[in-house]
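Okay, so subunit A shows up in both of these, paired with subunit B first and subunit C after.
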Partner chain A sequence: MEHIDWSLVNWSRAQFALTALYHWIFVPLTLGLSFMLAIMETIYYKTGDDKWLKIEKFWLKLFGINFAIGVATGIILEFEFGTNWSNYSWFVGDIFGAPLAIEGIMAFFMESVFIAIMFFGWNKVSKKAHLISTWLVAIGSNLSALWILVANGWMQNPIGMKFNPDTMRNEMVDFWQVLFNPVAVNKFIHTITSAYTFSALFVIAVSAWLIIKGKDKVYAKYSMLLASVFGFLAILATIITGDGSAKQVARYQPMKLAAMEGLYKGTRGAPLIAIGKPSHKKDKDFINAIGDDLAGRNQTDVEIEGLEIPYGLSILAFNDPNAFVPGIKDLVEGNPKEGIPSYKERIASGKIAIEALAAYKKAKKAGNEEEAAKKLKIMEEHFKDFGYGYFYGQDINELIPPVTITFLSFHTMVILGTWFLVFFWLVYRSIMKNNIEKKKWLLILGVLGLPFGFMAQELGWITAEAGRMPWVIQDLMPTMVAVSHIETTGVMITFALFFIVFTALLIAEIKIMTTTIKNGFSN
Partner chain B sequence: MFEKLSYENLQHYWWFIIAFLGGALVFLLFVQGGQTLLNKLAKTEDEKTVIINLFGHKWEITFTTLVTFGGAFFASFPLFYSTSFGGAYWVWMIILFAFIIQAVSYEYRKKKNNFLGSKTYETFLFINGIIAPVFLGVAVSTFFTGSPFSIDKARIANLNNNVKAVISQWESPWHGLEAIWTTENLAFLQNLALGLAVFFLVRVIALLYTKKMVDDQNILERANKCLKRNSVLFLIFFLFWIIRLMFIDGFAVNPDTREVFFQPHKYFNNLIESPILLIFLLIGIILVLWGIFNGIFKNDEKAFWKTGIGTMITVMGLFFLAAFNNTSYYPSTYDLQSSLTIANSSSSRFTLVVMSYVSLMVPFVVGYIIWAWKSMDSHKLSKEEVKNEEIKY
Partner chain C sequence: MILKKIWNFYYEGFRDMSTRGKKLWLIILIKLFVMFAILKLFFFPDILKENFHTDKERIQYIEKQLIITNDKK
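The block that comes next holds the complex of A and B.
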């Protein structure tokens, strides 16, 4: 691995990040609003109250505008695994492809077939069939989230598979382990409930804006009531599963946790940073400091400055105030006292695994079964470090994720999430007391909830994905090995095209959306 | 129950599913065909609304079929996914961009304050309508004419040399676009012919669908005129492609050594050696032609289904022709031994078993698609009816 084209790797990463972040602007609203539409239609179906039909049809219009661009930005993600990460597609396609296919067969068809009924079937099918269709759209879109998050969870915690040296890939051996991967289950619940939270923020923001403008107040208040209850329950579940996520990260991706907390040196009884910032302005400095440290030149500690909660991190990560939480330094240099091997050792071990695999292939070709079996055994013993082997001769800092981005994303997300809990409660109480019209400050906070919601959504993904760099598959395959070998300029061109096209479509979406909202419920 | 099948049977079963999805996709591309006919069929704004709503109620099913086709191919034949998508980068990117701009166009075209203007969204639909069938047709034709790539799975275990750890390597800087100008064995003629055949075929199916579903004299008259022209063009390109296919050398696989070699008239031989396949393919082609004939001369409303289902069967037949009977379905012209076969590119036995259980959902999915389709198509579309709809494109 002497000739790594970093510009190709980084442009490919940038393209995936760009398309994924754009896609995620629209997905959360689909996931949550679809259920809210189903609830609205159910109330209408049960009570026959036309008010709810009118309310539903308004939100349905906004749903449609959002859905179209969600579909447009989504198609590329599935295919990008092939176009830009072709080695990945072979190396783990035997496991990773299955959830993607199941997503198509089980979820996408349900979503797309019944969405046509939901929009255009009002006079073509019975009321009951229409209601069922609306529910099926919600179920379908959430099922698609399930399968794609199973796929993502597997990348973070690859289980249920075994490496096959003859086909040179990982192969599935236990489907249920892949599906019920604890990381996947938690990730699924955390992601969809956060999406419901976002949808509730959207409904409240639009309604608050209409109330400020003095338009359709009654409809807006009913929508707000539904959204505040829906949102409160959703954010509660998001916070609980967020805690679960932290524990899993501590267990399966300790480097990510260290980056999330900006924890340089590990300790027992580690405190949690409530609000703070890394003391070095740039990652480069942070990483340089670690580099210097490793070389034994400079023992400067790099720390996060901020408000600390004593023992917080140890409890958050391991439910034990005295648990040891490894820092970046412990993971890179190793900590024999805590039984943590250094990256140097892991790289050496990974190199043994990769070389044993090459030797196995050679022996097999020569028909030397005995030698092949010997090499295979060595490979399997060191397989847990397989991906580290590719870093032989590389800068060790490549194994450290971008700390500042991860730290700031994580903390901002947590602060916003905590605020949402309070916010939904305030809105609910105010609606019940029927005094929300007088509370202009709450209405303004309601409108601001939308950009805050976007931020929390995107930052969550940045924490999860930037924090696990350089791994596409944790400990087994780094980005530099997964990437397709195409010309960097090619990727730069498609990156620019995606940026231009998606931005143009986003502007169109926002313009159409705001125009439709201005017209209110009655139009 | 699937556990009892042999690995080879499972691989063939999955090739069947891929062929089924591929066939369904080409049939459903009639939505794209319709998009290219918008200005031919509609001369007034009201007529345009009819045509847009006619195809707009179906575009998501076509879109989803494409996505599922991709996902299923990934799950069952991942080496194809990594080789073709990562290699023929430009072809796939062009196809994907064409679908990206389609997805918003129906919804945004008539909306107030839509930033780009109605004309732009109509142009998006037109571009999608041309690129999707032509490029997908060309891509399928390379199943028979080959592409320049090499595969060496062992490269991933290569640490200390100048070779990149890349399993599949495309050996042309044009990344797939070379399919339309490769002169070797006149591959470009063959590839373009299938691209254009698919293009005119999906227009024909779109016209038959218009005849079936639209209640408007002016539109129908124009549809009849277009139908004749497009049918003739389809026949010219398709017959050229399939007749020439019978004469070219094919990529055969030696079942014992798994070595790939050129065999004269390979695809013709495949048909002779498996008469079932020959009959299957003929049924498909006859249905296509029967539908076209009835559409032109008899005003048969079921002509759409005849040609549509005939298209599905024909495309499935072509997928079988490309892969069964010891044939390489994705051959490499750069290094024959890198060619992909059903056997060397599939998922593991375990994954295929799991996925086979998943495939049991397909009839259920087809069932509710039929229900939804029938419910939505129970009335013909007319200007008045579309006008009275509260929610429309």
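The block that comes next holds the complex of A and C.
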């Protein structure tokens, strides 16, 4: 790997990040609002109260606008797999393809049938059939997300597969292991409940704005009441699964956890940073140990200064106040006392795996089956470090994720999540006491909840994805190997094109939505 | 006939759609056109499908990417 075009790697990454982040503007609202619509319609179905029908139809309009603008924006990510990440696409084989195919079929079926009934079927199908369709849209769109997150979970914790050196692909050996990958399961619940939280914030923001403007106050308050309960339960589940995520990250991606917490040196009884900021401190011994390259970089020389919760990180990661949490330094240099191999050792092991693969191929071509079997065994023994082999002779610093970005994204997300819990409770209490109209500060906070919610959504993804750099598939394939050898200029052009197309879509969504909101429930 | 019923359901749904609904459908169609007829066609070829005819060729190419480049060091 002597000629890595980092400009190509970084532009390809930036393009993927841009499209994923834009795609995620639309998705959470579809996931959460669909369930809220189902609940609203169920109340209408059970009570026969026309007020709820009016409420349902208003939010259905906004759901429709978001759905129409957002639909198919995720397909672009699949285009990118084939063009920008062809090595990766081949290497992952059907493990990634199968869940995406199921998702595609499911989404198409759901969108063409049940959404049509949701919008066109008001006076054409029975109340019950309409209600069932609304629930099926909610369940279907959430199941759609499941398959995407199964694929993503596999990239973070690749299990249930075996690498086939003859096809150069990973082949699925246990579908259920892939589906019930603990990372995928937790990620799915964490992601959808955070999407529900965002949707509740959206409903509260729009309702709060209408109340401030003195429009449709009764409908707005009922919407707020439902959203505050839905949002409170959702954020509670998000926090619980967030705790689960931290434990999984500690187990499967310890470097990500170290970056999330800015933990430079590992320790037993590690504290959790409650509020802090990154500062630049350099450990000369560490820099000398791994080379001068590091001195000029801005990643590993970052340490965090802030308010600490004693033992917090050890408890968060391992449920044990005295557990050892490895820091960046421990993972790079190794910590024999804690049984942590150094990156140098893992690079050597990965190099053995790659060389054994090459020797296997050579022996196979020569028809030497005995030698091939021997080399295959060696490769399989070292396969867990396969990706590290590509860092032989490279700057070891490339194995460390961007600490500042990961730390700030994670902590801002956590602070916002904690605030949402308090906020939903305040809104609920105020609605029940029937004094929300008098609390203008709460209504203003309600409107601000929308950008904050959006921020928390995107920061969650940045934490998960920036924190696992440089891996596309954890420990097996880094970005520099996954990327296709295409012209960087082409990637830059498509980056700009996407930026223009997506921004135009976003402007269209905001414009159409604002007009619809201004018309209120009565129109 | 069930097929006619389905056809009428969609036909009437689109016919009676509000101006806003029609505008949204226009956006969807423009977006799909830009995605599939422009971006996919001109900017996003499937590298392995377009450059190689058989899986054998593709495997050889990936081998070169994953092994040979590593040997060069």
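Convention: the second predicted complex is superposed on the first by the 496 of 523 C-alpha atoms of A that agree within 3 Å, B and C clash if a C-alpha of one lies under 4 Å from a C-alpha of the other, contacts with A are read in each partner's own complex, and residues count from 1 in each chain.
One rule holds in what follows: a residue touches a chain if its C-beta (ideal position, glycine included) is under 8 Å from a C-beta of that chain, and two chains touch if they have at least 3 such contacts.
Remember, it's a predicted structure, so these values are computed and weren't measured experimentally.
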{"item": "When subunit B and subunit C are modelled together on subunit A, clash or fit", "value": "clash"}
{"item": "Touching partner for A:390 - first (subunit B), second (subunit C), both, neither", "value": "both"}
{"item": "Partner, of subunit C and subunit B, that touches more residues belonging to subunit A", "value": "B"}
{"item": "Partner chain(s) touched by A:189 [first = subunit B, second = subunit C, both, neither]", "value": "neither"}
{"item": "Which of subunit B and subunit C A:79 touches, first, second, both or neither", "value": "both"}
{"item": "Which of subunit B and subunit C A:120 touches, first, second, both or neither", "value": "both"}
{"item": "Touched partner set for A:507, first subunit B, second subunit C, both or neither", "value": "first"}
{"item": "Touched partner set for A:167, first subunit B, second subunit C, both or neither", "value": "both"}
{"item": "First, second, both or neither for A:497, with subunit B first and subunit C second", "value": "both"}
{"item": "Partner chain(s) touched by A:102 [first = subunit B, second = subunit C, both, neither]", "value": "first"}
{"item": "Subunit C-contacting residues of subunit A that also contact subunit B", "value": "1-2, 61, 64-65, 68-69, 71-72, 75-76, 79, 82-83, 86-87, 89-91, 116, 119-121, 124, 167-168, 351, 354-355, 357-358, 361, 389-390, 392, 481, 484-486, 490, 494, 497, 501, 505, 508, 512, 515-516"}
{"item": "Partner subunit C, residues of subunit A touching it in the complex", "value": "1-2, 61, 64-65, 68-69, 71-72, 75-76, 79-80, 82-83, 86-87, 89-91, 116, 119-121, 124, 166-168, 351, 354-355, 357-358, 361, 389-390, 392-393, 481, 484-486, 490, 493-494, 497, 501, 505, 508, 512, 515-516"}
{"item": "Touching residues (chain side subunit C, partner subunit A) in the complex", "value": "9-10, 12-13, 20-21, 23-25, 27-28, 31-32, 34-35, 39-40, 43-49, 55, 58-59, 62-63, 65-73"}
{"item": "Interfacial residue positions of subunit B with respect to subunit A in the complex", "value": "53, 57-58, 60-61, 63-64, 66-72, 74-76, 78-79, 81-87, 89-90, 92-93, 96-97, 99-104, 106-108, 111-116, 153-154, 156-162, 164-170, 173, 175, 347-348, 350-351, 354-355, 358-359, 361-362, 365, 368-369, 372, 375-376, 378-379, 389-392"}
{"item": "Interface residues, subunit A side, partner subunit B - complex", "value": "1-3, 5, 57, 60-61, 64-65, 67-69, 71-73, 75-76, 78-79, 81-91, 93-98, 100-106, 108-117, 119-125, 129, 164, 167-169, 171-173, 175, 351, 354-355, 357-358, 361, 389-390, 392, 481, 484-487, 490, 494, 497, 501, 504-505, 507-509, 511-512, 514-516"}
